[in-house]
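Following are the structures in question.
You will see two complexes here that share chain A, one where it goes with chain B and one where it goes with chain C.
== the complex of A and B ==
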């Protein structure tokens, strides 16, 4: 199989699997080492798909948070034994020497630690989510959902949502232009000054237009046969290649080891 | 434009969701999603680290979208599908899987409540809306999970349980109830606002 740009992207179902793994990572509170390995693995497909800028930004953010977390460890711990191997003895004398050490640096360390642990835990999800969102086309997504036997009641709204976002942006610009023409909410902060009025003036035309578009789309979709019972086919072909399976396996192993406490 | 109330090709009294209904739901879901994004922006700007008020802010501004979608679709399943699709999008955009569960369970409950009044009674729709709004608590639930993780890491590093309790007990319980109460209040206000907008603009235009 020739390595083309398309084949270097994973199958949509493999992407969903990665998302699931990232969620499991969050759920089981895997320790820092396992987390770092998983993050590195999750960043790989992003680079493989040619999203260098995006991938580098996420990588830098993750390592900055990691550094912050280590710094806060160092500050709050003030030398009570190395990080992850906290033993029972550590717990006991930790209780004893906490009393007087409530200085500003420790508080700052705690806040920084909470922030870094918190955001860092979200990072695997964010990375896989960014990957899934930026590299999947609508037809691939729909095809994958149909293959996974997601009911049409879910597939159709999903399709419409993705399709409708650009329309909303376009409508919003038109509405703002019309408002400016009438001298409503013209200034920079005018929208914020009258929040209720802005909400009404923007949302009502959007909703009006939404009802019209929904009617048009229904007619178009029914003409194309969306309402016909039976199986629907897709233009885009998706296949799970050996690479998808291999990558899924490679990502699963460290997670399983980390959850099992081996790593 | 003259007959906006007719779904394109469908027997008028079918109680199941047909393709035109699903397309309407999709469009309202897109608008709802945009509102949620605006709410995310607002809640992070105004409240600083107060992402915990995200569902409350969303409840405040999503009223009109919800009310119009109920008026337009008015069948069982509409609200649920809206929640499920939002949950899927949250999941795919990298939110916690639990947010998916929340955005299925609460909209389903809201759907059932609105169904009592046959999607016509204003009170049941309003209550349904408030319940629906709790579906968005999913994205903020990790905040409490993060706290757990931080506590776990503190424990691993040898801090005593009493110390940890001191540090976190009030923050977590207090902020949790404040956030939940804020959703209730904002949901009521937002729903009322939505129904007012509906009456003022859409009923008159024959759309709702």
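== the complex of A and C ==
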């Protein structure tokens, strides 16, 4: 039992829970302070799993966006002077009346604020998603789903989708090569100029191939007993440790407080 | 009972129906017909270039007719025969895919490991046909622990994205505890020496590694039987050796192995018994000794691949050293006639004399003959003299050049269509390979051989302009050009030709990108190489500007006529209005080549055009290559198929060899 490795990583079910929390965060429009705390918490397991580069990149991005948002708040509040002044009306007023460097800063501040807040609100989901998908093997996910008693009718399509993504990427490249050789929709802008036609040229072979692959996969899966009734086991052992529970609780508390308006 | 089901030289006395105490597989008086046209033959060979070209048109043909087959425990049996002969259907009967996945009327008895088959034991064919499947078929689930299956295409037979999960997959499905699964995975990896493959992404494995994984995965439940359906059709020589060792290990362990295969040589020493199928019936059973005594000629007559590749390898070695230029006509003629022992003269008489003007007549005759023999895929190789003789003149008039004398077999001193200079191919970080200078001339068929990962496909992609060389230059007609120009001049017939067909009908496929409806109007120079134009082939590059001036944009009607001529030349005219995807694999391959001819490509590269093909179809592809080359194209064939390379290629570039070996003298 690789204790050290396992203890550093959360259980897949805990990861799914974090993903759920991130979505709730987005859904309830939690204020900036609560969001920052949650993001910091979400980043921790990414670093713990040794994904330094990925974690740092996401952290820098988030806090840069946060800084930008604060700056835009400051600029717009000063410039337009309104209490809830980060508004479009304030900006237009400024543009109509003054027309100077200050106005430009205000306009820029508004645009920056719009972008930064929009992207920043997606960040918790991105961070937890990146963590869940880069640190979990497919077999772990499958195992987690089976342990949660998800019916096989959902588990198997999930496996197939994961199996199909690389195939589609590969097929797409092959088809683009074939199109280049035939001089069909070749060149950089051909796809943009004739989107519908190009889509047809790409989709038809892609789908044709997908039907063939899916039949082969069904055959392979059947002969390996995917259709056998009864419980399917998993080679990978996953277990909820105290750490998983604790981390889930730690993450839940600030969110609950923020939603409740306490924080 | 059809007469063919009684074996001619039976090594094993045929079992009485149903009662087969000492047989692990007992198939008696079994007939089967695929219910859906796609389920049958298309699935035999779905993604490889050339499945059978006959059965698709007639889905109601019986796949099996009164077949009797008994296999003793521990036996290693090879099922051989031409494409569509029913050997794959037998493997599906054994692993339960028939009748569980592939449906259709099934009669007779099939007992595998003592399971099933007591439904209709009367052996009365007419009664059986009427009330097929009276007994409930054995569910495929109960066969899972008993029969392991390995399929043809390494890319589509794994279900998981990483190797360890793939090995664990069957065990998980039968509900083994996780500790036992881990132990079993470890043990199997040890047993087959694939420990280094564990924990990797399956997508990143080579074809050979994938196939080893497939075999290992099939053995995870310790089945008593392993069936393999053309396991080597995509493999190189080294991967086939690995597979051979795995089969040897299975044989040692007493597992019954049934292999349906075109390539016979790779495991010849392991096979106990050969069962030859013809048209869905057993045509003969032979012990290994009997089979070895049959001789190469007999196998060729049956349309089977060679059992002993030594002569082919010797021919290959001779060709690796050959410098660029015209092939040695006398030597080739001798070899060809040796390769095809049947009299070729008679057929040659039916051919127009223009065919033989510039070509050794023996080759022309052999070409014609193989065409004749193989255009009818399901029939025996000696098959009826079909309309090939009448079709050929048209083919000759379009494909064979009127001005053959000057263009064919350009002298080595003539300008090469494609040449490389100090070329280094690869990807920026992942892969780098220096390629010895090479030159491809019109009229040459060059074989590009070498193990997987030697850089064959990277080189080919570079030559076709699909990727940039890391260093060095690619010369098109002696001038250094950018990749885009190479893409215009070259064409790659992919192994999976399905990617290359875009239009709604075969004729439109040829016109695609040519007509005025499309913004990518071809420049007339591209059409210059369409065979019927007089100047085709003779210094196309040099004549480019003059040609462009002389020939304005072609009228769509003219293009349509030309498309029909090209289709006719490749025997596709009857299918001109069919949807490309409804064609057989061989027809699809020819259609892709037709589109290349229509675009006026000068370099035609084929990637593994004969994988999964029997000898007759392989010879058909070879004859097609020869016709392309005779038309002045430079033909480059990437292949592991030693028989194809030895019989049809003029020169071999061996990517495994040291640079000095592959060095071409220009």
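In the analysis below, the second predicted complex is superposed on the first by the 225 of 263 C-alpha atoms of A that agree within 3 Å, B and C clash if a C-alpha of one lies under 4 Å from a C-alpha of the other, contacts with A are read in each partner's own complex, and residues count from 1 in each chain.
Following the convention adopted for this analysis, contacts are C-beta pairs under 8 Å (C-beta built on N, C-alpha and C of every residue); 3 or more make two chains touch, one makes a residue touch a chain.
Note that this is a predicted model, so its numbers are computed, not measured.
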Touched partner set for A:157, first chain B, second chain C, both or neither: first
When both partners are placed on the shared chain, which of chain B and chain C touches more of chain A: B
First (chain B), second (chain C), both or neither touched by A:254: neither
Which of chain B and chain C A:109 touches, first, second, both or neither: neither
First, second, both or neither for A:222, with chain B first and chain C second: both
Partner chain(s) touched by A:213 [first = chain B, second = chain C, both, neither]: both
Which superposed partner A:117 touches (first chain B, second chain C, both, neither): first
Chain B versus chain C as contact partner of A:132, first or second or both or neither: first
First (chain B), second (chain C), both or neither touched by A:45: neither
Touching partner for A:55 - first (chain B), second (chain C), both, neither: neither
Set of chain A residues, in rising order, touched by both chain B and chain C: 159, 200, 204, 208, 212-213, 215, 217-219, 221-222, 226-227
Residues of chain A that touch chain C when the two form their complex: 137-139, 159, 162-163, 166-167, 170-171, 174-175, 177-186, 190, 193-194, 200-201, 204-205, 208-209, 212-213, 215-237
Residues on chain A engaged by chain B in the complex (per definition of touch): 16, 19-20, 22-23, 26-27, 29, 31, 73, 76-77, 80-81, 83-84, 86-87, 90-91, 93-95, 98, 110, 113-114, 117-118, 121-122, 125-130, 132-133, 152-154, 156-161, 164-165, 168, 196, 199-200, 203-204, 206-208, 210-215, 217-219, 221-222, 226-227
Contact footprint of chain A on chain B as seen in their complex: 1, 4, 7-9, 17-20, 22-31, 33-34, 61, 64-65, 68, 72, 77, 81-82, 84-85, 88-89, 91-97, 142-143, 145-150, 152-153, 155-160, 162-163, 167, 193, 197, 201-202, 205, 207
Of all residues in chain C, those that touch chain A in their complex: 42-43, 46-47, 95-97, 100-101, 140-141, 144-145, 147-149, 151, 153, 155-162, 164-165, 168-178, 181-182, 185, 203, 217, 221, 461, 464, 466, 487-488, 490-492, 494, 496, 498-502, 512-513, 518-520, 522, 581, 595-596, 599
